[in-house]
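Per-chain numbering from 1; labels A, B and C assigned in written order.
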Amino acid sequence: MRFRGKLVDVACLNHFTRVVNTITKLAKTCTLRFTVDKIYFILNDKVANGGVSMWCELNQENFFDEFQMEGVAAEDNEIYLELTSENFSRALKTAQNAKAVKVKLTNKQCPCLTVAVELPSLSSSSRIVTHDIPVGIIPRKLWNDFREPSVPDFDVSIYLPVMKTMKSVVDRMKNLSNSIVIEANQKGEMNLKIETDLVSVATHFKDLGNPPWVPEHASQNSTEKRHPETMAEARIDIKRLLQLLAGQQVNPAKALCNILNKRIVHFILLHEDFSLQYFIPALT
Amino acid sequence: MKCIVTGGNVKALGKAIHSLARVGDEIYVEPLQEGLSMRTVSASRSAYASFLFAPLFFQNYQPTESGYDPDSEAFRCKVHMKSFLAVFRSLPSLEKTVEKCLLSLNPHASRFRVQLHCKYGVVKTHDLPFQECESLQADFDTSQCAHALRAPPRLLADAVVHFPLALAEVTLVASPAGKVSLRSYLEGDTEVTRTMVTELGLNEDEFQTFHIKQEAQITFCLKEFRGLLSFAESSNLSLNIYFDTPGRPAIFTLDDAVLQVHLVLATLEEPESCSSQMTSCTPKPLAPAYDFTGDDIDDYMIAMETTCGGPAGTEPLPSPTFPMGPTSSEAQEPDSDHEGTVPGTPPQKRVRIKGLPQTNYRHEVKNVALPICCFVVLLGTCKMI
Amino acid sequence: AGIFQEFMVQEESVMFRINLSVLLDCLTIFGTSSSPGTQTALRMCYRGYGYPLTLFLEEGGVVTVCKINTQEPEEILDFDFCSTNVVNKIILLSEGLREAFSELDMTSEVLQITMSPNKPYFRLSTFGNAGSAYLDYPKDSDLIEAFHCNQTQTNRYKIALLKPSIKALALSCKVSIRTDNRGFLSLQYMIRNEDGQICFVEYYCCPDEDITEQEI
């Protein structure tokens, strides 16, 4: 099992750092999966995270100048690691004006993901900073726990409003309530609502648009049966939602959410070179 | 004692107080003929800092009251660090609004007064409670130290910035071959499988003085060092580091025409029995963990077999973060010491201190403050005179 | 009422109680810093006793409706602070007080204010764990816009009671500090809002009793 990647381009490095920072805001520990052409950040925590799960996927060639990996075996050419995401973003933080950064799998006092940063110095030679991030190697028999979550058979699919607006609304609502009701229909309308003894607040978004899902999608039948104005709703933990909104350092090219009435809200944030899916289960 | 500080020196004084505050809880003020001395020692006596401001630092400096015999001993006192720090708390506003600072110590009136003359004629007066005391002096000699380094403050500030603020100690390794490295020091109670280890390499040519006789390695507290660095950076003074074998104090100094600064830090004494474990936990000092330029595929080989469906006895490696599910035939107890089974992980470190029973610290909360018991306490070298 | 474009009250006066922090969160639902080019519009309605206070906010086509439940009003505490009884009055630029208040020694229970026609003119003192500190403003300082002190008054006020006024101080451009013959303190903050309209926020505080009794 080997892995080694090198980032040279400053823009790519900054971008990769932003992705890792976003992950850090969403998951304290996460699973890192390497395949020949992709890197995944996965959170499949069933209980500890309130049933939230995350799936982030990026093409390595959009970020890395060099990328070599050898999986566990030829037939399973993948690597699954588990790490504290904050360590990773802290290591990358020190690489802000680096000439180059290497990320590789090493065997130190324990298996480590080593981030080696080459920094400019005043002398002829560069300064090298290395960060050894302890990782846990996930054995093959557990890989099944980290499969891509299946997209639920949702009732409504809608584009999200401008992240910034949504964030400030949810941020205020968080001061007033612990849970938020998110509801939307197939007419491009979405409402965020809270209700407490003191106050009820509802924010109405309209003309958001609904993504045209390919007809062969499993959900097609259920969506068609619904009246376009009928709302699908879910009450979710407001902190989880805010975590997602606050973690977005860049406005995604496309952001949408799928609601399975009273069951789950599925967010999909599509950036140019990576995608993030986030599942928040409805509170009962 | 009466002295007046003006202009940019007010901020320098403020910065000095801030950096002293990283070390101790009390500040010893002693007006001497050669200048105003401010000193402090940490509660555990493992760190000592002294600032000596020469008479030229002040617009006006009177160590003793006029009319007194100039040879007579000046009155010394100690003041709570918190009281002193409160006066200089906000450095930006100090720089922006304060034009003049008056320090006066009047033992007869029992008054230690700090007065700040600000913009618009506003005057802030602080009367600080104080205690008369003996002189605080630490016994150290830079000429007795085998090794010396001198570096611009920027270099060292840029180096420590890579280490997390929560990290208590750092190990400095210097070799005659011209390499200096700083490395996170993991305390005995640290979970090796959780904590990131950072190492930074510097070259001889970045230092102004590089005097290393043989391979040397010391471990010291970062907090006080950061405090001194921040002062050195703001006044752009190069930092001298004098050190010797592990366990002997390291001395950090700054020199200027109007200012002399000393910081003495205890260094960690690594018992022989422990050092073998230490080196197995951390990269070898002389061979840097990583050579950036010349690595090829062989460098990052990791032999870690996780084959599934192996012989019946093969158990998956336990996960350090998630409790194991019912995947292994013998369900592990949730609180079992499963880290210990990861190959490559050394047995849990135990800190052994001579004269103390062997202690296992691993369940204690990580202490950010000085791990007093790990240090050779300066007591005896730092005595009241 | 000048800050509203439309203001209509059908009864003589309407009074109810609402939770202030809830109102603040509702008013800032679209964020506190208005991004350039966007403005939040607000309509506030109250139908009468027993009804909630309803807020309609709109920004960039997004509408938020807030219904804040109203409560029975409490009787308003009247300090009976009358300008004819004012003994000392100082108007100063808020800038001069801002730093002083931000650096107040919070370990001191009280803030002692001295206003006097003679030296030290205007002095703020604290007595905390870190020793005592006092701040003197000269009468002719550029910070002081008006100085009308008729007699020397020294009063102590609980810092905890004054602390909430720091928020208003932060927004204000000028502050008028007045004390009456009983030693009651009035802090009047002049706040200029974005449209250049002027609002006043007033704080009243009674002196710490121990000291006034001593002085009488």
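Operating definition for what follows: contacts are C-beta pairs under 8 Å (C-beta built on N, C-alpha and C of every residue); 3 or more make two chains touch, one makes a residue touch a chain.
Quantities reported herein were computed from a predicted structural model and do not represent experimental measurements.
Chemist: Whose Cα centre is nearest the centre of all Cα atoms in view?
Modeler: So the chain sitting closest to the middle is B.
Chemist: Going by the touch criterion at the top, tell me which pair is linked by more C-beta contacts: A-C or A-B.
Modeler: Between A-C and A-B, the larger count of C-beta pairs in contact belongs to A-B.
Chemist: Distance from the CA centroid of chain A to that of chain C, rounded to the nearest Å?
Modeler: Taking the mean C-alpha position of each chain, the two centres sit 45 Å apart.
Chemist: What whole-Å value do you get for the distance between chain A and chain B if each is reduced to the mean of its CA atoms?
Modeler: 38
Chemist: Which positions in chain A are in touch with at least two other chains?
Modeler: Chain A, residues with two or more chain partners: not present.
Chemist: Among the residues of chain C, pick out those that touch two or more other chains and give their numbers.
Modeler: none
Chemist: Hey, which residues of chain C end up touching chain B in the complex?
Modeler: 96, 99-100, 102-103, 105, 129-138, 140-143
Chemist: Give the list of chain B residues in touch with chain C in this complex.
Modeler: Going through chain B, the ones touching chain C are 80, 82-83, 86-87, 89-90, 93, 97, 120-129.
Chemist: With touch defined as at the start, can you tell me which chain C residues reach chain A in the complex?
Modeler: Touching chain A: residues 19, 21-22, 25-26, 28-31, 35, 52, 59-69 of chain C.
Chemist: Name, in rising order, each residue of chain B that touches chain A in their complex.
Modeler: 155, 158-159, 161-162, 164, 192-203, 205-206, 280-283, 288-292, 295, 297, 299-309, 316-322, 325, 327, 342, 344-346
Chemist: Residue numbers of chain A touching chain B in their complex, please.
Modeler: Residues 1-4, 29, 45, 68, 72-73, 82, 84, 87, 90-91, 94, 100, 102, 104-112, 114, 116, 118, 121-134, 136-142, 145 of chain A touch chain B in their complex.
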